[in-house]
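Each of the next two complexes has chain A plus one other chain: chain B in the first, chain C in the second.
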Partner chain A sequence: MQQFVVLKKENFDAFISSLAQTQKVVAPVSRGYNNFSFQEVISGKEISLKYIPTILPPKKYFLPPRETLTAYNKRENALNAILEYEKMVIFGVHTCDLAGIQCLNMVFVDKPKDINYIIRKNKIAIIGLECNDYCDEYASCCVVENHLPNGGYDLFFTDLGDAFIVHINTMLGEELVSKAAVFKPADAKTLKSLESLRQMKRSIFKDEVNVKHENLKILFDSAFESKVWEDLNKRCVACGNCTNVCPTCYCFDIIDEPNLDLNTGVRYRNWDSCQNEPFAKVAGNENFRKERSQRQRHRYMRKFKYPVDKYSRYFCTGCGRCSRTCMAKIKLKETINDLAKETK
Partner chain B sequence: MSKPKVAFFDFSCCEGCQLQVANFGEALLDILGLIDVVMFREVMSEKSEVYDVAIVEGSITTTHDVERIKKIRATAKVLIAYGSCATIGGINGMKNNFDLEDIKQYVYKQDAKYFETIPTHPLHKIVKVDYFVHGCPVYQPEFVKVLKCALAGLSYVVPDYAVCVECRFNENVCMFDKGISCMGPVTRAGCNSWCINNGNICYGCRGMVSNPAKNGQMDILKKHNISLDWVENKMNMYNKPRELDIDEQKHKG
Partner chain C sequence: MKRIELKESEYIVAPAKILEARMMTAQEKYFKIALEGGVSLDHEPGQFVMVSLLGIGEAPISISSSPTKRSYFELVVRNAGRVTNALHKMEAGDSLGIRGPFGRGFPVQILEGNDLLFVAGGLGVVPLRSLINFVIDNRRDFGKVHILLGCKKPADLLFANEINDWGKRLDVNFSCTVDKADPDWKGNIGLITSLIPGVNLNPKRTFAIVVGPPIMYKFVLLEILKKEIPEKQIYVSLERHMKCGIGKCGHCQIAQYYCCKDGPVFSYDQIKGNKEAL
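Showing the complex of A and B:
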């Protein structure tokens, strides 16, 4: 079995179209103003192969912004589980977002297992797409070591000009390739081109902040009392954009809503955010994180400290979305450098 | 069990929010299966002195209004403030930017002496309000949610976070990315970013979140070369009567 195969560019459209005939295919699509989003496509022509990270990460397919969990019937005293899932292929997932999905998998497969998430995840095929260069100045994928592929996909596409070289990583990936019947085995020359592309990437991608990968955690271990958070307090408007676009933020709220008959109803969950005012509010109107500085600090700690303690992994994927979307121009790279300056 | 009697009332407003109910279409039939509408000036001629639920549009702008809303409150078991004029003072609140005498002169000229007026008040400044349906106009799905809560005896909590939250869920391109200013970051959600989904900006019609980052928002707007006066106007378009709430909080300490 070949680990690497080749897809000629002229066959790309045929590949996507044939996939879309048997299942839902989603891929990055241009939305104008240099914005992109994962959307359903039926042909390869709709796909933006060169894109900066989408408004929302592919997280939205694994953990939808709103998801019904149960339906209840008061009169019958019944509560029935509801599973919302759909078989689909996500095409064009960058390495940062592959890392994001890996993080979510760790969280939701860990106890208590999230059955809805696990069932949905198992219906989704993932096709990665390599970034040959930086997407823009907000990315910090190298310092968190996500600029090169590190698993988490069924197939992985690398653009080599007139063709893609494709890494087959799973049985499912192999099935997709053999069904499409447009892939050819990769010859030595193509493999060599892939190797030289990776070599070139090692010279392009450099640590984006003044802190080494292994020292990020140490930096955040002692960052709790930092003055840097006070500066963020003045600027942050608590719009929640940074967490809602984050590939590894997974907090949710659970809400019951009656139907019009007032007897039946549904329980659903929707994304919540530590940036929102009511997030840490408890009975008696006490708020554990009333200040926006505390909320921002919490967000950073949830990327660079707490998950490292629990899962031994940074939950920042380096995608840069939080900085890109922030209206107050709070930039992750700046915050890290400011923290580093302080400790010197 | 007989259906709860529901009456609609209006004070200073355009009655556009009530039109949202009239415009419900087929969904209205389901709602009418649940309630008995006994008074609704916009769609029927019948009147009633007896009602369980009062749905009140409009803000309080005269002493006569004050008496009338107190009477409605005394009759209704449940009072729903309906639409921005009722919940936050809304557009009518712009009046509070000026001297009341000047306003009367400007509007009524030589007849000004025949009219009395007081600063614009949202309903909750005069009477106890059980439910709030914000918006100019109200967002129909939210009204249905509130109605269900009111009839089921559940509380409805208006989201106390920014419109941006729902706007991101809907994956809209940010207005600021398009070079257009937007009040989303300081305006409370619950409308499912209705305007932005349809290509418009957020005007802040639902009122501000409880703890708006005014300085942060000003900085953002200033960065986009928008003059301070204009920003202030933008903030006050719907939210001027908010000062009444802030004064009260200060008074309480």
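Showing the complex of A and C:
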């Protein structure tokens, strides 16, 4: 198997169009100034190749905002497990979002396995797209080491000006390439250009916070009692935007929805947020994370501490969505720097 | 979008039938339930189930009976939310769904051969009863057994007849207290913490098992530590909101732990200093 192939820019549209003829293709498209979202496309012309992280991450295809888990019939006292899925290709996934999908995989494959998630993920082909430069000032992909590709894709596109160099990572990727018949083997010169691009990226991408990668966890190990959370308490409006747009937030609620016949219905899960006030409330109204400071702290700990202990991996991908979307201008980089300042 | 039926899923429920139902107090209702087809729930003391009512939802409920009773299990449900409210309207013969049992229960194998100090406050007796009755059913396999119970007022006392029997047993040291007595009350009056200093125990070979409302733990644990029972020999069962029961949905998270999967039973040693736990 040839590991690297080349796709000339003039053939890009043909590649996407041919893909879209056989299956659903989703890719980042422009949704007004500086806003992008993954949407179904039928041609390459619709795709924004230079985009900042989409409003919602590709998580929405792996863990849909609303997903039916079971369908019931009260009269027959029957409840059947349901799976909803769609075969598709996601084109243009940045390295931060590839990392996000890898995090979700860890959680849902962890026992007891989530069958719905696993089957759905196996129907999705992933084509990554390299960021040659920072998206904007909110990104912090370097400190979490997601500015370079770390797997998790079938194909990976890197823009080299007049052509893409494409890394084939899986047999599925190889299949997509050979079916399209517009890819050429990569010559030594193109491979060299990829190498020098990566070299250049090393000088562009620098730790975005005043804490080194390996020290982030140590910082959060002792951050529980920090005054920084009190500051967030005053600013956070508990809207839940940050968790909705996070590529690794996966908390959900389970809700029954009867049909109009009041006999049949479904039980579905939908995205929930630990930032919402009743999230950790139990019967009798005891609330185990009553304060916004506690809930914000919990969100940060779930990115930089708890998953590191459990899965040896930061669950912050550095995409910057939480900071970009926050109405109260709570910025992840700022929070980390404030925590670091405190420990000095 | 394709929609198919799955044969296996964590969200499938086992059909079950209510064998007996009765109000225990003004707020708590007792249910004796059996899974359809004579299947045993096969739980460990301290585990919980998700009770599923079609069209209404699911709620996590502690199992109150000992697994030594294999043909049925018992739940005691406080009317506190949408699902429990609907449960309270159900009677013997009604059908419901069960998922589980879930979670880590009490470490029965570790407790065997040792002396046990049970401390239950309020509704805490409901999950603790699964272990107390397990111990009583296997009484020879355990050392001394002390049971301390506390609740707000005599009318709140759950399983009054059974508790009366515990009090009569020669192989159990039993004390009970209420915060506020009525004229007929003959037992102790005061907080449950007041019962602990008087217990005569050997801390080296005693395991303390404490279950109660959040506010109770701090004070009871303090008294138990004064007895010099090692931290590793103290167990608590924590209550949290649970939606999935399988360590995914995030509602029950206590810092790094999922209460539904890593708990609800924790050793004190495990959660000591964990500010989200107690």
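The rule we apply is simple: the second predicted complex is superposed on the first by the 344 of 344 C-alpha atoms of A that agree within 3 Å, B and C clash if a C-alpha of one lies under 4 Å from a C-alpha of the other, contacts with A are read in each partner's own complex, and residues count from 1 in each chain.
Following the convention adopted for this analysis, a contact is a pair of C-beta atoms (placed from the backbone, for glycine too) under 8 Å apart; a residue touches a chain by one contact, two chains touch by 3 or more.
Please read these numbers as outputs of a predicted model, since none were measured by experiment.
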First, second, both or neither for A:V282, with chain B first and chain C second: second
Touching partner for A:P258 - first (chain B), second (chain C), both, neither: both
Greater chain A contact set [chain C / chain B]: C
First, second, both or neither for A:D221, with chain B first and chain C second: neither
Chain B versus chain C as contact partner of A:L79, first or second or both or neither: second
Which of chain B and chain C A:E342 touches, first, second, both or neither: neither
Touched partner set for A:G32, first chain B, second chain C, both or neither: first
Touched partner set for A:E40, first chain B, second chain C, both or neither: neither
Set of chain A residues, in rising order, touched by both chain B and chain C: 258, 262
Residues on chain A engaged by chain C in the complex (per definition of touch): 68-70, 72-74, 77, 79-87, 107-108, 110, 112-116, 224-225, 250-256, 258, 262, 265, 267, 269, 272, 274, 279-284, 286, 288-289, 294, 298, 301-302, 305-306, 309-310
Residue numbers on chain B that touch chain A, as the complex places them: 30-31, 33-34, 144-145, 148-149, 151-152, 154, 159-162, 164-165, 168-169, 171-174, 176-178, 184-186, 209-213, 215-217, 219-220, 223
Contact set on chain C toward chain A in their complex: 1-13, 15, 52, 54-58, 78, 80-81, 84, 95, 97, 213-214, 239-241, 243-244, 246-256, 275-276
Chain A to chain B touching residues, read off their complex: 31-35, 37, 55-56, 60, 65-66, 234-241, 244-245, 257-262, 270-271, 273, 275-278, 290, 292, 325, 327-329
